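A short worksheet on the structure shown next.
Letters A, B and C mark the chains in the order given here, with residues in each chain numbered from 1 onward.
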Amino acid sequence: MNDTIRRRDFLRSCGRGIMLGSAAAVAGTIFTRRQLTGPCKKGPCEACAEVNSCANRKKSADDKLIWQIDPRKCVQCGQCATHCVLNMSAVKCVHSYSMCGYCKLCFGYFQPGANALNEAAENQVCPTGAINREFIEDPYFEYSIDETLCNGCGKCVKGCNTFGNGSLHLQVSHDLCVNCNECAIARACPADAFTRVPAKKPYLFKHELT
Amino acid sequence: MRLLPIFLAVSRFPQPDFEGDYTLPTTTAPMPAGAAVEYLDTLLLTLALSLASYLILKKRSRKMIFGVMISSLIYFGFWRKGCICPVGSIQNVAMALFDTNYAVPITVLSFFLLPILFSLFFGRTFCAAVCPLGAIQDVVVTRPVKLPLPLTKALGLIPYLYLAAAILMAATGSAFIICRIDPFVAFFRMSGELQMLLFGTIMLLLGIFIARPYCRFICPYGVLLNWASRFSKYHMTITPANCIQCKLCEDSCPFDAIRKPVPTVSPETREKGLKRLILLILILPLIIVISAWAGSHLHAPFSRLNNTVILAEQISLEERTHTSLSTLRSDAFRERGQSISDLYKDAENIRARIKYGCWVLGAFLGLVTGLKLIAFSVRRTSDDYEPDRGECLSCGRCFSYCPVKDDEGTHEG
Amino acid sequence: MNKAYRLISWALGISIVFCVLLFGWRVLLNQSQEETHNSYEYNIDRYRHVDPALIHYSELSPVSITASILHALTTDIDNNIFVSADLKLLKFNSNGELLQSIDLDNPCYCITTGPGGILYLGMGNYIAVADASLSIKENWGDLGENARLTSIALFGKHLYAADYGQRLVWKLSLDGKMAGQAGSDETLDDPHHYVVPSPYFDVAAGKNSFWIANPGRTKVEQLDLNEKTVTQWGKASMNIDGFSGCCNPSHIAITPDGLVVTAEKGLPRVKIFNAEGKLLSVVAGPENFEKTLPGCYSEALIKDLAVDSAGRVLVLDRSAGKVRIFIKNEI
């Protein structure tokens, strides 16, 4: 019996050694893969259009990766509002004020064929009335988003992209996002616009991209 | 080739000339919680695993183990919303190994490795007291029923299939299926799809009678912990000192993980047993090959989980039948104006990879099935009541059944 | 009792298998069902149709341009077609055959022709002058760091360049000397007179009239040789007689008869108005153009507009990659 037990212990030690070795191999492979060369001369990775396919991109020791929408790829399909695992989607519209034309007749705000240029609900594109319109000086109006009302549907983004400058765009809001391992919206996105970004630079604002 | 100098988007639209003192608002958005929380989680995971291992191997107190389990359920489950969990981290590690564009953060890698490392030395203490999915099932085990052995053995194949499928899908960058079918994360984050909630509810209802059904028959990470636990240096024992074969612990385990003593003299002749063993070893390669061939036929449903393949099939359908019902995905593809033949090529590449992966998946399952059959024929003698090293979840329910006291006269180790 | 027990435990075990198969497969399969309908669709389809009675033009065969980015278009007195694309300047004859192609150092965003085959090229923030053989003779000084020239036209003895960056129209003499800004006294007093929210600011010169588009106010205005405003008209409307969207017309051109051709972005339409602002006909409606997204930075589908001396309307169409030519129908 003692021999059996000694043999079992020996076999167990072998098995343990193999598993430890495999774990070390996995960890080692992953660590060496992280040492890729850094960004190329074109500029910072986040501003580049080919960031997701580039072989040079430095897979730095990003401590935390979170989800974000690349507004250059988004087609405003409306699924951000319906597919988030949370009740009220974590995707919100943001406004790049430096790109906005401040038009009196903003097509991200007003329905095409609006009756009058006022804030009546039937004239607005936003289904939840989340856009505020404020007069600055003639003929400029400031448009801002109330994030507590925005549901991330992207209608205003579509209007702004079609007729305006495209300063409105959708972004994942990180005070709400629970950062699922596989984002349910990312899975459904028809344009593959969702990408993982480091938590240190969590947003891909349009005015910072090429 | 870029012909124009790279302009930031903002430079295409010079700002309106405001006369008054209006300043352009800056576009701000809330920052996410930093990585510090992730590191804290890793630390707490290590502490919880250490505490659990101590309580299980040394202190042997079921009450305290239960306490740690409830704390883990509250913290890792409901507070941190059960994501990222070690079960799901399998996918991240698989993706990092096969897809050079994804770098797994260290914290996620540590979530994958720490429970396995602790299992290699102390047994499945993670399952007992740290895993929130196990904890939520453990609290509903009130009327455990003993399942027939052939059934448990058959059901024990499901985790291997799940593990192989999850690794295949993650490695090809197609899907994180563990995240899609996780029954309990919807409870933790108090929100989820109907099907996920239904699955979780049924698991918990079944869990009243079948102790920890997910842990025993579904969890893919449990496969890795099972292996690690078999080779572990130290493992929980039912008795604090020596087993006196009093049989009091026989029905104490709701998970059927206690193995009775096996006498040296076997009921059947050595010749017969040896013949069967040799037969099984010989047909093992056959089982592997047949299983691999069968597995390769699964490549079609698996590849349909990949977005590129879904798109290619939809475009191909539209091109062939000129059906007017296009999906949002195919509309977006056509607007991008990319080449359809490139898409078909990409999809073919992915399908080929998945097909190869399915062969491997089939072979793996065949190997596991064959080895399980061989294990039936291998006789392992023992004098004592011992927990099955692979299946025992180290929960400590059997401690109170054992009348043996250790040298200090206590039941504790 | 034992039998019942066994039966129940088998039933429970099978139910696990059933559960796993059902939910696992359903959940995985369901995700493969793709959405066909956008619940929050922004639909402008009802504005895309134009009453055929208004369309008095038909399309001739277009001129294909093999380039990735199209910038500008103009014609000369012999109806040759000049196109600026990528870093090249291309010259076609009136039948669309390529005559010449030269390389430029910088992209050219607007062109106009002068007497004797001279070409004036707006290259970002400065103007270059080329002779009839398309070789650059002079580069004039830049018009300011923020200057962005989007349109250039010759009227009378001066060259007018529309500067989107500074929201004004420069007036230059033909040897490159600055001669001030275009516009009447009232317009020059009001710095917000020209409202240009997006990089489409067009000027056009006819035989006897000079026009400036004011897209932010959805108007066009006509100036005479003394820079007095003769007329201004235009209204914002999705209907065919107005300018759609918030900043249209994106381009204008003048026919030999003095009629105003306008092109819009967002809802791509090319229309002809008389000098008083009455809609006379539609050259091409939204249904003549591809129904695609203009891109995430809202680039117009119609990149430039020109009318040659035979009255043909030429449209530089980005999505088709062509110069499309429309001719008036014989009545």
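The working rule: a contact is a pair of C-beta atoms (placed from the backbone, for glycine too) under 8 Å apart; a residue touches a chain by one contact, two chains touch by 3 or more.
Quick caveat, the model's predicted, so the values are computed rather than measured.
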Chains most often in contact, by C-beta pairs: A-B
Chain whose averaged C-alpha position falls nearest the assembly-wide average: A
Length of the line joining the C-alpha centres of chain B and chain C, rounded to whole Å: 55
For chain A paired with chain C, centre-to-centre distance based on mean C-alpha positions, whole Å: 31
Rounded Å distance between chain A and chain B, as computed from the means of their C-alpha atoms: 27
Residue numbers of chain A (touch at least two other chains): 75, 77, 79, 100-102, 165-166, 187, 190, 206
Multi-chain contact sites of chain C, meaning residues that touch two or more partners: 31, 34-35, 38, 192, 195, 197-198, 293, 297
Interface hub residues of chain B, defined as touching at least two other chains: 9, 12-13, 16, 19, 175, 180, 193, 327-329, 335
Sites on chain A touched by chain C in the complex: 71-79, 81-82, 100-107, 112-113, 125, 127, 138-139, 153-155, 158-166, 169, 187-188, 190, 206
Of all residues in chain C, those that touch chain A in their complex: 31, 34-35, 38-42, 44, 47, 192, 195, 197-198, 216-218, 236, 238, 244-247, 265-267, 293-298
Chain C-touching residues of chain B, taken from the complex the two chains share: 3-4, 9, 12-14, 16-17, 19, 145-148, 151-152, 155, 158, 175, 177, 180-181, 183, 193, 195-196, 198-199, 202-203, 206, 209-210, 213, 217-218, 304-305, 310, 314, 325-329, 335, 337
Parts of chain A lying in touch with chain B, wherever the complex brings them together: 1, 4, 12-16, 18-20, 23, 26-27, 29-30, 33-34, 36, 42-43, 47, 52-53, 55, 57, 59-66, 75, 77, 79, 85-87, 92, 94-102, 136-137, 140, 142, 144, 165-167, 171, 173-175, 177-182, 187, 190-192, 196, 199, 202-203, 205-210
List of chain B residues in touch with chain A within their complex: 6-10, 12-13, 15-16, 18-20, 22, 24-27, 29-35, 38-39, 81, 83-84, 88, 91-93, 96-97, 100-107, 109, 113, 116-117, 120, 175-176, 179-180, 186, 189, 191-193, 227-228, 230-233, 307, 327-333, 335-336, 381, 383
